[in-house]
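Below is one structure, written out as structure tokens; the observations come after it.
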Amino acid sequence: MIRFESDYTEGAHERIIQKMVATNMEQTSGYGVDEYCARARQHIQTACGNEAVDVHFLVGGTQTNLTVISGILRPHQGVIAAITGHIAVHETGAIESTGHKILTLPSDDGKITAAQVQQLYDEHWNDVTHEHMTQPGMVYISQPTENGTIYSHAELEALYDVCQQHDLPLYIDGARMGYALASPENDLTLERIAQLCDVFYIGGTKVGALMGEAVVIVKDTLKKDFRYLMKQRGGMLAKGRILGIQFETLFEDGLYMEVAHHAVQQALRIRDAFAAQGFTFRYDSSTNQQFPIVSNEVLEKLRTKYSFSFWEKVDAQHNVIRFCTSWATQMEQVDELVHDIAKLGHACSITGQ
Amino acid sequence: MIRFESDYTEGAHERIIQKMVATNMEQTSGYGVDEYCARARQHIQTACGNEAVDVHFLVGGTQTNLTVISGILRPHQGVIAAITGHIAVHETGAIESTGHKILTLPSDDGKITAAQVQQLYDEHWNDVTHEHMTQPGMVYISQPTENGTIYSHAELEALYDVCQQHDLPLYIDGARMGYALASPENDLTLERIAQLCDVFYIGGTKVGALMGEAVVIVKDTLKKDFRYLMKQRGGMLAKGRILGIQFETLFEDGLYMEVAHHAVQQALRIRDAFAAQGFTFRYDSSTNQQFPIVSNEVLEKLRTKYSFSFWEKVDAQHNVIRFCTSWATQMEQVDELVHDIAKLGHACSITGQ
Amino acid sequence: MIRFESDYTEGAHERIIQKMVATNMEQTSGYGVDEYCARARQHIQTACGNEAVDVHFLVGGTQTNLTVISGILRPHQGVIAAITGHIAVHETGAIESTGHKILTLPSDDGKITAAQVQQLYDEHWNDVTHEHMTQPGMVYISQPTENGTIYSHAELEALYDVCQQHDLPLYIDGARMGYALASPENDLTLERIAQLCDVFYIGGTKVGALMGEAVVIVKDTLKKDFRYLMKQRGGMLAKGRILGIQFETLFEDGLYMEVAHHAVQQALRIRDAFAAQGFTFRYDSSTNQQFPIVSNEVLEKLRTKYSFSFWEKVDAQHNVIRFCTSWATQMEQVDELVHDIAKLGHACSITGQ
Amino acid sequence: MIRFESDYTEGAHERIIQKMVATNMEQTSGYGVDEYCARARQHIQTACGNEAVDVHFLVGGTQTNLTVISGILRPHQGVIAAITGHIAVHETGAIESTGHKILTLPSDDGKITAAQVQQLYDEHWNDVTHEHMTQPGMVYISQPTENGTIYSHAELEALYDVCQQHDLPLYIDGARMGYALASPENDLTLERIAQLCDVFYIGGTKVGALMGEAVVIVKDTLKKDFRYLMKQRGGMLAKGRILGIQFETLFEDGLYMEVAHHAVQQALRIRDAFAAQGFTFRYDSSTNQQFPIVSNEVLEKLRTKYSFSFWEKVDAQHNVIRFCTSWATQMEQVDELVHDIAKLGHACSITGQ
């Protein structure tokens, strides 16, 4: 079985593992105040083009999201997010468990717009009984989204503009940030992202690390006491240097983007192979997740050899499936998949009927 | 600087690191349902002498404590703990952040007694206005305690007896469980512990692992839906097999106890060295943490070469300090420390004045 | 200005006020253990045809909802509700503030169906990653709904059947329960309601009382420690007898249904007056709230003399408005309104265009 | 049975009841935006000598405490309070249920000192691992305390000085505020209290009202969005005018202090009667609660005719009991009690042995 089911099926990039081996018996202080974390912080500050940002290392995405969001909101405030957002769907109510409602906006592709946020904001404040409703307190987006789509520079700028007008901190979930930056359609940089939001995180778990997410806090008022929040929510790793070592390795000489580019290239090969056979796609993704629509027969045929995700039914005969590549995806395995797709013959895809 | 400041200053035991390297590019499912986790579970079930216990792997101790405790209690219930308990002191209010009061009992050595729990229980239920007070809902202890002391078989049995009489689940924080089992004064086994409580965890972070704690749920009614709770609290690691690999290595052939015995032996060498010079100790510890009472002068002298924790002031002239050993402590470093202690000359320790 | 904007614009029914005056200087124990509360409980048990139900008195609806719901759910569970449900819209995220997500179901009329609950339940449990999603833990409905509509006997029976099959406690928010029971279309009784759910509340605030809601707990496992929950959430009134006095008065000889019938009759007179002029309605309500669709001109004309709620825009020219009657609505005021409606002339209502 | 067990055994002061009767059928807007609330607010602003304070009306004390405190603190912060404070003992963990630890300070008489707060603050910030501990975020005191004692002007000034130095908002629970102001030992005014804290509440429930507490927010940064918080926590009464009517009556012409003085005078008569017989007291109270120490025999004798609270055992032979007076205490009943105390004969009180 060749696995394309997710971007966390392997361990860590070889260079990370090597560095962990090499430094294993060194003695460092715990809880993220060691030199590896310090250097990793500097590398990330440099990559963000801003020495003033605070950088903290947490272990996982759900933990990061709940720690950041509950640290920003007051009790009566909620977080605006796409109805497809990870926090809204796949975190077992983690945000609500910290006391906050998610104010969901409809979205087909995983993105939300500046106009949607403006409208929700206006509807809240124009309602004379607004005190009886959860007050919008911040905005959450994912880059790339859970559907592989990405915000363009113009879209993010417009969104942040609305956020700033209304004092709504903008938070970007970058669990797969590298794969967005590596997309051929991307027109953003990490530096620009750090200018167009208030806090975001750079995902390690899905981009080469064993585990770990780097929170970057841009806005000064959000920096205060973040380490308390990390500790309280169980996100301060005792042997914090493990996270420092990983992010140092990923950011000291461009490894992060190197592995991201690799994954995206492989994903686009898979995309192109499906497209060449006339298959259509659920989402227009240029990142490491691809969502072809396949018939039941194709699905069964592919399943005999490959592991991938079933995403949703389109109709009785068709399905959306997800292929996911990563830093660890081997070109030979993609070769094989591409070869097998070519043999599937021309698709009678849903939109072609 | 030779570091005895904590038991998490190094990475992981060599055999763990080797296994992580060897398995790095294998593809497994995420979230703890891989084969490494499965085998680690079986080893732990065997070690506990009970195939029916549920075993889950989380990343850290605070995370584990808050997940277990908030999963057991109803909203109006609190957890009974020693006033020195880790949850009461050093977790930034993590338990309270999930909505629950900690009902603290006085303790000088870190332990609580069956009689104390009985009394607190009686006082609550005998009060006619008990509905105006937090209801005791479970009991938390640490083995060994934060002060290095351990519960004897008789003490634990008595405590669990009271807990069972009053339907108070007993939870043992075993962040350093191995070091208790390796104590020369210990008369408990992992099997017996699994019979004398309802849920406990076996600490990995401080006993040879990079990170990771293994929750063992004994009582059937506490097993339901634990994976939801883990996910919600941010404690379900995406690459869960990292935890499985570590606990498999620690439990497949006795490595866990091997490293624990090493650490305790080194700690006792340090203890004996201080004792030989007439120093007294704040706590009667037979585990990997030692708490000698030293004068200001001795403290300063030791500080020039060794790193250790300042624990508390005894009086203007004396201090409690903590030396901590671990699986990683090197005998040569302890040799050196023992040698240096011997050179300190006879202590004018606080109790000798 | 004649007010039809809500059903809580006046104080309490005259007989309640009289009883409060008559008993004012009596000395009773606090916190709901007085004789007035005891008798009120008995009257409600009798009205429910079940001496075994527990009855508790709280002050307001939001308080009641958050206390009941957070007392039932485990941390990872959510409550299923119509997207229009009061808890989902108008309680400032009170349910989320206790840590729980509301799993909303689409609804146009305010009701949800057995089939919808079944589907949501199936979708959750059929998803292999269900542990990453909030688990459905109970069901919330309102009777009548926030839109004035009511569940029929058959609908409620079907819903409760699904709930029981899946161990989902069914909770009915009866803030306006009397007005449902007084509807000409109603085919339920309080006794039958007490058989077709696990817990519900009988609203006092909107049906003749100064304040107060009577929680009726039918299911045995939900009864435990409810008074602790009330106290913790701030819902245990010190001078609890005030609530007892009110519910005793409302239930000792049928006053509750008497006032409810009065309100519904007045509402139906308003409905009929609008209908007679060809106006249509947003919801098919047979209870004390009526939602006619009126043009901008009609809205402005009515506003000069009457106070009512603006509900929502239909289009640029038309609006939904809400008229609300209560136990306190005076027939003469309805006479006047009916007279004025008749003078509006025939409506060019939205659906008539 | 003559009841001295609490200060909430009767309904409301006659003038309040009369006003509720007189205004019963008036139509007003709900949720505290009516004219009665507006006038009550103005009266209280005047009484506080500060037109800029925000005034909100909630129903009960626990509700008020949890709403105010959870509205001020960030997630990792706790509230400093006496170990005897109402929030620490008698609110079923309401503060913890909102996510916050109570940082308790020892207290024998119910008060805490500026020095204690300074010390706790210093200990927190001087600890290098302070991020692992709950951060002190505000201070809670009661005036009068739960033991009937009061803060002097100098004590409150010193406390507030420390609070301001360290940016710790000071909150005063004034459930019995009137009785403190009416104490012969009091040297504070409402105006001065409003200058020496950031937020406080003026209790109505125990000082003449049916229910109701008036929150006074002095500090500007704490004013924002308080109505959202009230609604979310279930503390925004639908028929809010009931609270307005009561506080208007209490504050429009001095009724609040009139009833408070009456209660304190009666309490001091009881105190003097016990003292005249040589009884000693557990607390040095000059307010409406008195805590004489009596032998088992005296306790039993008094119990045959009077209802009062058992407070605590002193030793096998002696007990602390509590007598409570209120706005409603009748002089004739105190006459009778005083007469009966005189007949008890001279006490062999605990301290006289």
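Of note:
Letters A, B, C and D mark the chains as written, and numbering starts fresh at 1 in each.
In this section, a contact is a pair of C-beta atoms (placed from the backbone, for glycine too) under 8 Å apart; a residue touches a chain by one contact, two chains touch by 3 or more.
Quick caveat: nothing in here was measured; it's all calculated off a predicted structure.
Put simply, the chain farthest from subunit B by mean CA position is C.
A straight line joining the Cα centres of subunit A and subunit B is 35 Å long. Computed centre separation for the pair subunit A/subunit D is 51 angstrom, with centres defined by C-alpha atoms. Note on chain placement: the centre of subunit A and the centre of subunit C lie 42 Å apart, centres being C-alpha means. Within subunit A, residues 75-76, 91-93, 97-99, 131-132, 135, 228, 231-232, 236 each touch two or more of the remaining chains.
In terms of inter-chain touching, the protein chains here all touch one another pairwise.
Within the complex, the subunit D residues that touch subunit A are 31, 70-71, 74-76, 98-99, 131-132, 135, 225, 227-229, 231-232, 236.
The part of subunit C that touches subunit A in the complex is made up of residues 75-76, 78, 89-93, 96-102, 129, 131-135.
Interface residues of subunit C, counted against subunit D in their complex, comprise 3, 5-6, 8-12, 14, 17, 20-21, 23-30, 59-64, 66-67, 91-94, 97-98, 205-206, 210-211, 228, 231-239, 241-242, 328.
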